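In the two complexes below, chain A is the common chain; its partner is chain B in one and chain C in the other.
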Partner chain A sequence: MATTSRFKTLKDMPVEDYLTPGNTMCAGCGGILAVRIFHKVLGPNVAWINAAGCMTITMSYPLSPIKSNWLYTAFASAPAGAQGVRDALDFLIAKGRLPASEDMKVVVVTGDGAAYDIGFQATAGAIDRNLDFYYLCYDNEAYGNTGFQMSTSTPFGASTKTTPATEAFPLGNTGRKKDLFEVWRIQKAPYVATLSNSHGVDFLRKVEKGGTIKGPKLYIDFAACPTGWGFDPKDSVEVEKLVVQTGIWPLKESVNGVVRHTFVPRSLVPVKEYLKTQERFRHLFEPAEKSEAVSIIQSQVNEYWRKAAAAEDLDVRLPEGAR
Partner chain B sequence: MNGKLLTGNAAAASAARLARVDYVPAYPITPQTEIIETIADWVRERKMDTKFVQLESEHSMMTAAGAASLAGARVFTATSSQGLLYALEMLYNVSGWRAPMVLVNVSRALAAPIVLEPDHNDVLAARDSGFLQLHAETCQEVADLVLMAYRVAEDRRVMLPAIVNLDGFYLSFTRERVLLPEQEAVDRFLPQYRPLHPLRASRPVAKGAAVMEGYVYTYFRYNMHAAALRARKVFSEASRDYERLFGRSYGPVEGYMLDDAEYVLVMSNSFTTIGRQAVKRMRERGVAAGLLKLRMVRPFPSEEVAALLRGRKAVAVFDQNLSPGSGGIFYPEIAASLYNAKGRPAAILPVVGGLGGKQLTPKEMTTIFEEMQAIAKEGKTPSPMYLMRNDELARVKRAVALAQGES
Partner chain C sequence: MIVRVRFHGRGGQGAKTASRILGTAAFNAGHFIQDFPVYGAERRGAPVASFTRFSDEEITERGFIFSPDVVAVMDDSLIVDPLANPLAGLRKGGCAVINTTKGADAVGGARKDVVVVPVALTEQALKFLGKPVLSAGIAAAVARVSGIKEESLLAGVDEELREVGLSEDMVKRNLEFAKSIYGELAPLKLKTEELPGKEELVPLALVVSGEGTEDVTRTGNSTVRHTGNWRTFRPAIDYEKCTDCMICYAYCPESAMSVGSDGRVKIDYDNCKGCMICLTECPLRAISQTREGGLQ
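Up next is the complex of A and B:
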């Protein structure tokens, strides 16, 4: 990562907080933590543009935990809301009807349901128009706010309310998680990055880097969801760390289409150790381990890192016995 | 008489330009497209100082429109038919945001089957959205009502978005003489938009916040309703100013040969012109016929309707729309306006016609008056009339037979 960053260690995390203590999110919510860190880097002048999801209920009239502007749009069209706000600010400032000091960073914040599914088209439109905005997707791999149903971000093997693991359907979800990073990248977004709250310096630097780029800056934060995934809320950041160490969630960025991994786990932790931390994967291990399913997940990870290692000349050691 | 020959679409675009709109998010759909093409031309030729952006759907277009309004811009956009329905979710949001933008809807009947010509099922699907609605009969009205819509929508007593409706083809592509007001006078009528609590770095606000309790929701919805009701008075004030500046006056309803009329036809939009012809024919036959045109649809002008229809022998409500399983959409609204009125007409005849732009012969229109007369004389209960002629039905059957290879 660029050595010019003002973020060298976690101690460089800005002390200013734009979230007040206390909000309506579940204990251990990865999403609200991502919003908090993101906001620290952006500073005070922000217009958050929200789509329906967990984060929508942080803004419960007449209380707000966020000290900046907020607009809830609808499920499918937050990027279009960002378009309207960005265009209006640009026009009014250009005409001298608004001082430049009123300019704001326009940030779409949605879950994976909006980003991967229902708002997919609106995001594509905003990328095509090269809209100067940030997109923060807090990805908890399902429709969390409605009680944890499958989205196209749900990974293979996860049990959700609409893909429950049963005797007849022992694997839960049999679809593969959509590669939204790649989808956004090939649409020629100038900056796309993955984030994990457990890797704070990497997170801070990526948001900082986005600030130097004009156009769409799109982030997918791996947001642990204790309520939906079934683990102790105190372990949220540990789970987020483990998903990076197993290689399931690669930390990377794409600048003008060129991908670079920003954190390379030298030795991948077996996926099993991550899967075992959560209720949503419990059926893969009980009553007996479904080793075929687990090895499918492991081989997907191995395949990913073999290609990445070849492309970027990385030194990654796969788990022992990996095929 | 001076003026320019303008299509209804050109009149709408011209009014947006005169209103000095800041922002036009757009998406094409027939028969509205000429409006956004005209504005795009003007913007690119530097004849109009406006930010124009083409979105990827009407849903996004309406989202951008409402959001820009909340950020302090005067916003204009246009759509039709399926586009309005695609955007419908956002109409409810934009009115809930109290974003006073103006949307021109160029009516086109809804699929399926897909068709291009107008009826009002599209705009009436937005009836309950919280948008004010003004419906135009002529191209002149289109231009005038767009300007009046901004004045009413942006009034601090209202702060609600507005739809101005015109019929596809019959107005959108028909050139009529239109008097466009002078820019200077429009600027006096419609000063620069001053947003209320906009999104601002210096004074952050939250818009569209969630409410978790029904009573809080009720509080907001009643506020919207009260604001919409206040729009009646604000519209009347705007109308007086408009007349003073431009010499044309618009009430929420408009009567035609109404003073002594015993049989009154209630209509809206461009087909009203056909209704006027029917009234004339009936008058020539010695029948005391009259017409009441609905111009303001939201807020609904129930007081004016009741005042102008009381004491008539019979009333017919012409609905150019159909709610399958119920009938016309305006009919129950007119009936509700009259039910508690003293001296209400003995009979109100429901008429549905002009669906998908189906043309109406003079005879079809005069038949409505004949039916009203029969009902009044015989005291019978009116049964709904659904207009379609035998020759039209025969043409459908002939076409089907041809397609099936029968000679």
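Up next is the complex of A and C:
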């Protein structure tokens, strides 16, 4: 991929912006940054299909920060909306009622609430019908728009509005983050990839690569959320960097079911370094460190990379003293 | 007598928590109370409002406060924001507590029939807490001018901030912050009178001052929203040090940075929200921050 991509360094990021300033997302929002970069690669002719979430608020009448098109759907049905738009474009172009030059790329954009939970089956349907569309999930690991309630994307040990750290549940969320990448992959989606805004070139290349593939192209972007996670907005990209360096969020892609890691951290930073950056994990360290919980998180990461290293012959050094 | 307080802040400054602290403080002082925020699509930085009523008799009023006795404005840029309109309906003889470094001039003579109490809260919050969260400070200011005892206030700060889950250290620092603001001000004897005329709801029409009504058919018309007044700090590029590596440009979530025809990165101060990702990410430290001086 590296030899054919037009993206070598961040300097190759297209300078055309299709997201205009003055949107209503929180300062330092990782989700809107993902939309901005994604749009740059796709170019101007895009129809965004959105399900309820933070991004919905960017389109507050009468002001819009997107220079292309935007369609709302109900929470569960963004991929169904995408099917409608795709079919309409195809029919109109086939009948000569719309010039082919006005064709659009159809992109579903939702948060993790719609992708992991509420729109789960609509996505499965779209994959099954081999709908030619992109899916961009900006994953901030909870229902951020409504006040940060737990979703099935919420990681183990995170405190949310509905899984606060209490005496009865001192760890906060005791569930484990759903592996949506795998769920989408085993449904035989031709292209599935994970993204992190902090690894911009990897991000640009994956979106570019999606353009060469017909059918569902599904992306999960790790979108740092200063408001929900509790950190200073200025550290947004730093948090995204750390989640990759700790190995918690692996950057990978699957082409026709074959997985390849696109960025391999040579030596994993201990997960503690990442957890400590955010309020939602503060109860793991205060008043005293809950080292058992932290080591559970670390061993999940270690287990993941041991398997990945064996499968792809990767050279990954686990943190010192790793079990 | 009922004291009606309306808080205007920006999402993240702590307007909702301030209304709760004041409510609990007044409750501790033996009053009947109500406190509640406006629920809606609030965002960090966007104008938000919350309310507190307290009285020594049972309160039978309900709903939003359209004619407050006291307004607490947590950011002076809100005064000219048509969506916030914080001085609307403030009773004659009422009080406007304003977080500003400009003194009483902050309201620009808009209301001569009210008492203006300027207080530099952001500076104090940065000193005590290291971040511009103002809930304890603004609640302390309103408690002081409306005659609530210091111990009632501090108990309110303690209880409410613990409830939102602040650490022991942060609660302590907020108590110091509240004490400092409380000590800086003096109680007022307020005699308020409702403004003549029927209560009017703030019209929903979007008027962006000086720009007329925006064309809804123009794509990307959000540039007129001017989210630049969300900033607490203002980034500036030192072009001597900058090597045009474009990292800041790549990571600006707002598209508030653009590349000029000379290949240099420029900041759109009308809409930059001051998240300061650019400052963190600049490998050459060519970006600096200064405290925002308010809208020009």
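Miscellaneous remarks
The rule we apply is simple: the second predicted complex is superposed on the first by the 321 of 323 C-alpha atoms of A that agree within 3 Å, B and C clash if a C-alpha of one lies under 4 Å from a C-alpha of the other, contacts with A are read in each partner's own complex, and residues count from 1 in each chain.
Rule of thumb we're sticking to: contacts are C-beta pairs under 8 Å (C-beta built on N, C-alpha and C of every residue); 3 or more make two chains touch, one makes a residue touch a chain.
Not measured: the values here are computed from a predicted model.
With the C-alpha superposition on chain A as described, chain C and chain B fit side by side in the combined arrangement. Of the two partner chains placed by superposition, only chain B is touched by A:G84; chain C is not. Legend: residue contacts after superposition of the two complexes on their common chain; A:T162 is shown touching neither chain B nor chain C. In the superposition on chain A, A:Y72 makes contact with chain B only, not with chain C.
Once the two complexes are laid on top of each other via chain A, the angle at chain A between chain B and chain C, using C-alpha centres, comes to 90°, given in steps of 10. Contacts of A:P233 after superposition on the shared chain: chain C is touched, whereas chain B is not.
When both complexes are overlaid on chain A, the residue A:D128 reaches chain B alone and has no touch with chain C. In the superposition on chain A, A:Y61 contacts both chain B and chain C.
In the superposition on chain A, A:S295 contacts neither chain B nor chain C. After overlaying the two complexes on the shared chain, residue contacts for A:I49 are found with chain B alone; chain C is out of touch. Contact with neither chain B nor chain C is seen for A:Q149 once the two complexes are overlaid on the shared chain.
Per the superposed model, the minimal spacing between any CA atom of chain B and any CA atom of chain C is 6 Å. Across the superposed pair, chain B and chain C both touch chain A at residues 57, 60-62, 64, 66-68.
On chain B, the positions that touch chain A within their shared complex are 22-23, 25, 49, 51, 53, 55-57, 59-61, 63-73, 75, 89-90, 93, 97, 192, 199-202, 204-212, 216. Chain A makes touch with chain B in their complex at residues 44-45, 47, 49-50, 56-57, 59-62, 64, 66-74, 76-85, 87-92, 95, 97-98, 101-104, 121-122, 124-125, 128-129. Across the complex, chain A meets chain C through its residues 10-11, 13, 15, 17-30, 32-33, 36-37, 57-58, 60-68, 145, 159, 164, 197-198, 200, 226-227, 232-238, 282, 286. Chain C makes touch with chain A in their complex at residues 11-12, 41, 43-46, 131, 165, 167, 206, 214, 216, 219-227, 230, 245-247, 249-256, 258-259, 268, 270-277, 279-281.
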